[in-house]
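Letters are used for the chains, namely A, B, C and D, taken in the order the chains are written, and counting of residues starts over at 1 for each.
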Amino acid sequence: MPLYFALTSVSALLAVGVYAIVDRRNPDVSRNVYRICIALCGILFVAAVMPRGASVLSATLPFGLPWIGVHLRIDVLSAFFLAVVNLGGAAASAYAIGYGAHEKEPMRVLPFYPAFLAGMNMVVLADDAFSFLVAWEFMSLTSWALVLTHHHDAENRRAGFVYLLMASFGGFALLMAFGVLGGAGGAYDFASIRESTKEGWKTGLVLALALVGMGSKAGLAPLHIWLPLAHPAAPSHVSALMSGVMTKVAVYGFIRVVFDLLGPPAFWWSIEPMSFGAASALIGVLFATIQSDLKKLLAYSTIENIGVIFIALGLALAFKANGLALPAALAFTAALFHVFNHSLFKSLLFFGAGAVLNGCGERSIERLGGLIHSMPKTAFLFLGGCVAISALPPLNGFVSEWLVFQAILLSPSLPQWTVKLLVPAVGVALALSATLGAGCYIRAYGVAFLGRPRSEAARTAKDPDRWSLGTMAALLTLCLLAGLLPSLVIDTISPAARDFVGGRMPTQAELSWLSIAPVAESRSSYNGLLIFVFILFSAYSARWVIHKFGSSRSRRAPAWDCGYIETSPATQYTGSSFAQPIRRTLGIIAFSVKERLDMPAPGDMRPARLSIDIKDRIFDYLYAPLTRAVETCASGLNILSLLTIQEYLALVFGALVFLLILVAI
Amino acid sequence: MNFLFDFVAQGAQMLLVLALSPLIIGFTRKLKARLLRRKGPPIIQPWRDLIRLLRKEVVLAENASWLYRSAPYLIFAMTWVAASLVPTFATGLMFSWSADLIAIIALLGSARFFLALAGMDIGTSFGGIGSSREAMFGSLAEPATIMIVFTVSFVAGTTQLSEIAAYMAGNLELRASVGMALVALLIVAIAENGRVPVDNPATHLELTMVHEAMVLEYSGRYLALIELASALKLLLYISLIACVFFPVGLARHDAGLQAMAIGLGAYLMKLAIGGFLLALFETSTAKMRVFRVPDFLGAGLMLGLLATLLVFVTRSL
Amino acid sequence: MSSDLFLVSNALIAIPAVAAIAVALVPEYRRSAVINVCASGATFLFSLILLIVEPESGGYLFVDDLNIVFVVLSTFIGFTTSVYSASYIDHEIETGRLTSTNVRFYHAMYQSLMCAMNLALLASNIGLMWVAVEVATLTTVLMVGIYRTPHALEAAWKYFILGSVGIALALFGTILVYMAAEPVLGQGYDAMVWKTLMSQAPQFNPRMLNVAFVFLMLGYGTKVGLAPMHAWLPDAHAEGPTPISAVLSGLLLNVALYAVLRFKMLLTANAAAITPGPLMIALGLASLIMAAFMLYRRTDIKRLFAYSSIEHMGIIAFAFGMGGPLANFAGLLHMTMHSLTKSAIFFSVGHIAQAKGTQKIADIRGLTQSQPALGWSLVAGVVAIIGLPPLGIFMSEFLVVSSTFARQPLLAVPLVFGLLLAFGALLLRLTGMAFGAPSPDVGEVKASMLPLYAHLSLVLIAGLYLPAHVVTWFQNVARLLG
Amino acid sequence: MELLTIDIAHVLAGALLLTSFMLLYQDRLSGLINIYTLHAVILSLSVAWQAHYQDAPHLYLTAAIAAIFKALIIPFSLRRIIERLRIHRTVEVIGGVGITMLIGIFLVALSLVVMLPATASADPLAREDIAFALAIVLLGLLMMVTRRNAVSQIIGFMSLENGLVLAAAGANGMPLVVEISVAFSILIAFIVIGIFLFRIRERFDNVDLFELDRVRGGRS
């Protein structure tokens, strides 16, 4: 039953896209579209969470690949991801009701937006390789169109190009993976793939291909190159969808293939996801730390979080391979929990960025500042998002990271030395990325929202409309709830863990005081609610005591600042100067920085300049050579189009003679 | 009855750490002065300062925001909660299970987060300097701490401080890994509390300061809260080291008053020793350049990782 | 039964022939355009009858599942193209690029081309097929040269020389096939008729067949546009009138491919002869990768898509070379989809070139803004041709790549490499042409978008849903191809 | 008697091959046309001989077509053309005749190697015919590759088609279809070429294909 709900609403989403084209003259078409999208996402969300008669629902439609048809299926995993997708979808649509009003060319968004939602839902519902890939590529295609919304900007056009190219690269990788899985007979429905037996080399191949394919969509380093270009290019609510939701769909794909279709894992499967995950986490956070473009920064931090998720998945694989059901379940749960969390706070942050963008028409934090005064509500909500994503208690980001750490702490029970020694290293990367992430968001928030406005626009900015604020508030509330009552989330995820890694964490609801204990209370436990209450209690008691016995008087005066009198806001610490220490100490890992200081001689009146140019190593050493190679080959072969007729004849002649010789021998 | 007792014990610990933290500061100052052949202020002096600050009115910069004003309370509260979750004289207190070691570290992290933000709120260059340096130190120190947690919990098989303490007390043995972890933790503690050689709590020389730069604009009760918070942090680290590596005399939560009294005595002893060592160290070293600090902390991180790996070695042998 | 079918299939050849003469006599170009459309439409309708009636062969014509696929496809595209060409030609006359005499000649040639192609597809014996292909070549040569600009003449000349060499090679191959068959089937017609050839193939002299296949592959391969015999194709596409580009890509290449397939079947039937697969795979891959690289340096929009035609012919040849039910099915599907899509693209390209007054890619920018309908349909067409769902080509590429990778992983690698290369090139050009700040229009075009939409919607539908009997029909053909 | 017939056919085919070599060698256009005429005559003779040998009357018809069209009309009109274009005295520069000859020899060898084993079963006359025919086809192609002048390219092409006719004639009892198609195609081909030459005449000073290539003004 839920499946049919889901199907009808997906097709309804497609229909909405058509409606947008038909009704384009109507001034409030965009409101209508987004309203309907909210409703449909709502239905889909309900369909996902509504109790299902059987744990697995499936159906087959007579479309798609003729002799296979479109297989659809909802099991615990796809239900979870359906929920995530449509939660994000509904939020984005609600936000867009207000935000979309500012769109100059709405017709470049409206037809594709619902289609994009439909595509993501279809990926999660699909149960055969063909429809999975169709939905997958359809998702890429529609989001590509959305990335090109502001196509006048050459930067965005490039972003769109790189994005779709990488997407199709990943698509081909998946295609080949499914080719191996489906076999020469072409049995592409997941059911028969599950049954089929796979030899060793094939599993390795499929694993690598799946990692490449899904990773390129999720933004796993070094395939992340497109993500920081494409995500910021789109309108903010779409960026939120792409960063918060689409990457999760990719994670879903990875889980589906590796944990489900590929059969029982071997321990070495875990190595690739873990190492690439760690790399992405570090690279992502380091680049995020040096970004001055708010949306780019968020995009890079998405890469970091994806890294975290893949680390957890890798752990789950390692444990599962060794039949350690409980730790596997812990790691798996951590991964899904982080998926859920990241979809929440990344959407929230992108909405905030969108609000800033609309408020001041400015994406670079270097020209912002003091927004906490001009747009207080947004500032508060954005702060919440920052705390959540920086993995600080008592919000939700911390819980999932904490679970990952707990999983890592169980790694000594792994027999294989490679993994045993790899895990702590991964742990360092994880810890580093977490703390660097915090630093990165201190910088982002501090420069953009605190201090004094660096531009007129920042000074006169206004809070966005009620819809946008409402959406952000709702998301923040969810973050808080997930942080305070993690046990509920964990217990919802447990069935998925049971089905996919063959074990489940102890039911958290049974623990006293709503606290969570991954393994046993004697080993480790955490109680967000209690901590939260403690903090509030002590903060307020302190305040009460001080106001009662101490003074509560205060007066305003110019800032002291060690007695320096500085008038211009330009004297504030900028984003790049904030990032300097990290750039110098840790930057070397990911990028090469050149700082040039041009200091005028004494008496010379011109200002001194510090110019920094940062190079992305991965791009320089991996992608640039590739493009160069293609270019050279292209220009080399281009001679073929400039030959004379008898040279062409000579080609034919040569081919003929060659083949005749072949035949003769 | 039992419940009530636990509750009281927990409350007592909260108040205890609150009361002791300024004293440990005063104690170290006193010792340092003595080591320098000065008389030095009385041990109680920090409390006096705090109380005076609390009585003063606050001077706020013009563009200070609500964040700036609420940050001190948050920072204080978070640090206090964290500090009161570390076993001091007794393990397994009522709420000790509500946060394990990782969570405690993360709580300190949140405190740092808000402190750094508060530093940037006024929009002065010093605040920025302080915050950015704090962010960098933090991003190196916390991983090191996490590594130490790994080591300890690989050994003890838990991240609950009470359990760790119990384990350590239970089987005393010398482990290379644990030793390294201790050294790493010392390094981290020094950095996190902004002591010499990383930062000098006594100086206000602009370009060298980190912590002081962030709180430059604070005054009155806000300053008091922040000072108190940093004092609590110092205390927290000392008692953390004490309870993990020297869990001598720690009482169990159901061990009864007498055991607790012993535990308290032992705890005070440890504090005294810790303070003394700290003073000794600080007087015998000079502050290092800011950009050498990362190497210092990096050493801590490396030690932590090494310790973690060595655990396996000792395990496997 | 057989007789009326015989009548139908005759009609497929007779209608265009008569129409050709009629058009040649009618002076006024609009009327001749109308006749052109009507005749093509009628032919298409008759070809539909072939679908319904159980195919049987008689006389010099021969009908089975294989060539019905081709006949229906080519007559359909012939019909839509004639509709399109009517509006296109109007514009050409207004701008004075063509005179009405030219147009008369053009229409006559168009119909005789239709006639020749149907004959080639339906011919029951290899000699007749050869003659038909030859005629088709000559007519297209004349149409390519119709603008009489130096470029057009050069293109036509190049096409003519390379084409006739190819034809000559094909004839030699045909003779060799006869000589291989003659000892078994005795002298006379039997040794040239498909039916008997196929039935007796196992006894033929294998070495003779091998040599014959080399010649046939190269000869007809020239017309298919496989590398290294492709040189005529881009120029012919770029310099001729756009409807002809559409017909070339959509039909003529298929007809030549049909010939190749027939002889492939002949060889596969003979166990002792070489398996033709590897040769086709090699040529296919060569064309694919060569064309993919060539795409990057194109500055002329029609040449761009001409090279993409080479690329897709490469893919199709590859698929048929792989053989087996999946790959063959994929090949047929890909051929159909490519014909529809590519002609659709050329439809839009023609109007775009007329609107912007140039074929230079660099001077075509921001179409989706200045010419939304044309621009978006170009986007749709290119998205289809680079093999993105939900459009039809994705399905065939899915089947080709996945089945190949399952059987011959090493072969799939260059295939995917080429596909990606082409993807990148076309996407790059598309981004430049469809988006960004628009370049000025020289004149508005009253384009008939109907054929364009018809093709694109067919491709879309096929990408999501193939009717059951089409599938079974394709599967029969795939089985036929072995 | 039997042997004699074979020998004569053999000699004729050989002569045809030899003339192909002469075509390769000849660098003056008018001379080229003369040799082509010779080529056509020998072709018609050998076809006629085939007709006699297979006693297949329709081959006489083919021989006649060859004689009339190729030996008379085509050379005649070609001369007209080259005079009209004022290129009848031009001498082409053919790079490395020696090498071309060597390649030619190699091609003949190749065609023998390919054909003789392939046609092991067929009767001896057909075997030689087809082998020689293949050689002539290849040589014609070679000529097209080596020549730059349009007229000589056409001649190369036609010598190639002569090879085809020889092959067709050699194939025992091959139905009329083929001969007709060949003649037919040659006819049309020739007309088209004529048209083209005129068109090209309008546009260019001579028929040298380099001119055509120069047209390709930097466009691709």
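For this structure, a couple of remarks:
Just so it is clear, contacts are C-beta pairs under 8 Å (C-beta built on N, C-alpha and C of every residue); 3 or more make two chains touch, one makes a residue touch a chain.
Keep in mind that what you see is a predicted model, and the values were worked out from it rather than measured.
Looking at the partners of subunit A and subunit D together, the chains they share are C.
When every chain is reduced to the mean of its CA atoms, the largest separation from subunit A belongs to D. When every pair of chains is scored by its C-beta contact pairs, the maximum goes to A-B. Computed from the mean C-alpha positions, the centre of subunit B lies at a distance of 100 Å from the centre of subunit D.
Computed centre separation for the pair subunit C/subunit D is 31 angstrom, with centres defined by C-alpha atoms. Centre-to-centre separation of subunit A and subunit C, using mean CA positions: 44 Å. We define each chain's centre as the mean of its Cα atoms; on that basis subunit B and subunit C are separated by 78 Å. Across the assembly, subunit A contributes 638, 641, 645, 649, 652, 656, 660, 663 as residues in contact with two or more other chains.
Contact of a single residue of subunit D with at least two other chains is seen at positions 114, 141, 144, 153, 212-213, 216, 220.
The complete set of chain-chain contacts reads A-B, A-C, A-D, C-D.
Of all residues in subunit C, those touching subunit A in their complex are 157-158, 161-162, 165-166, 169, 207, 210-211, 214-215, 217-218, 222, 228-229, 231-232, 234, 274, 279, 290, 293-294, 296-297, 303, 324, 326, 366, 368, 383, 386, 388-390, 394-395, 398-399, 401-407, 409, 412, 416, 419-421, 423-424, 427-428, 431-432, 435-437, 463-466, 468, 471. Here subunit A touches subunit D in the complex through residues 638, 641-642, 644-646, 649-650, 652-653, 656-657, 660-661, 663-664, going by the rule given at the top. Those residues of subunit A that touch subunit C in the complex are listed here as 62-67, 129-130, 133-134, 137-138, 140-141, 148, 151-152, 154, 157, 160-161, 164-165, 168-169, 172, 175-176, 178-180, 182-184, 186, 188, 205, 630-631, 633-635, 637-638, 640-641, 643, 645, 648-649, 651-652, 654-656, 659-660, 662-663.
Interface residues of subunit B facing subunit A in the complex, by the touch rule stated above, are 54-67, 73-74, 76-78, 80-81, 95, 97-100, 102-103, 106-107, 109-110, 112-113, 116-117, 119-129, 131-133, 135-136, 138-140, 142-143, 146-147, 150, 153-154, 157-160, 163, 204, 206, 216-217, 220-221, 224-225, 290-291, 294, 301, 305, 308-309, 311-312, 315.
Listed in rising order, the residues of subunit A touching subunit B in the complex are 369-370, 372-373, 376, 379, 383, 387, 390-393, 398, 402, 405-406, 408-409, 412, 420-421, 424-425, 427-428, 431-432, 434-436, 438-439, 442-443, 445-447, 450-452, 513, 515, 521-527, 530-531, 534-540, 542-543, 546, 549-562, 564, 566, 569, 571-574, 577-582, 584-586.
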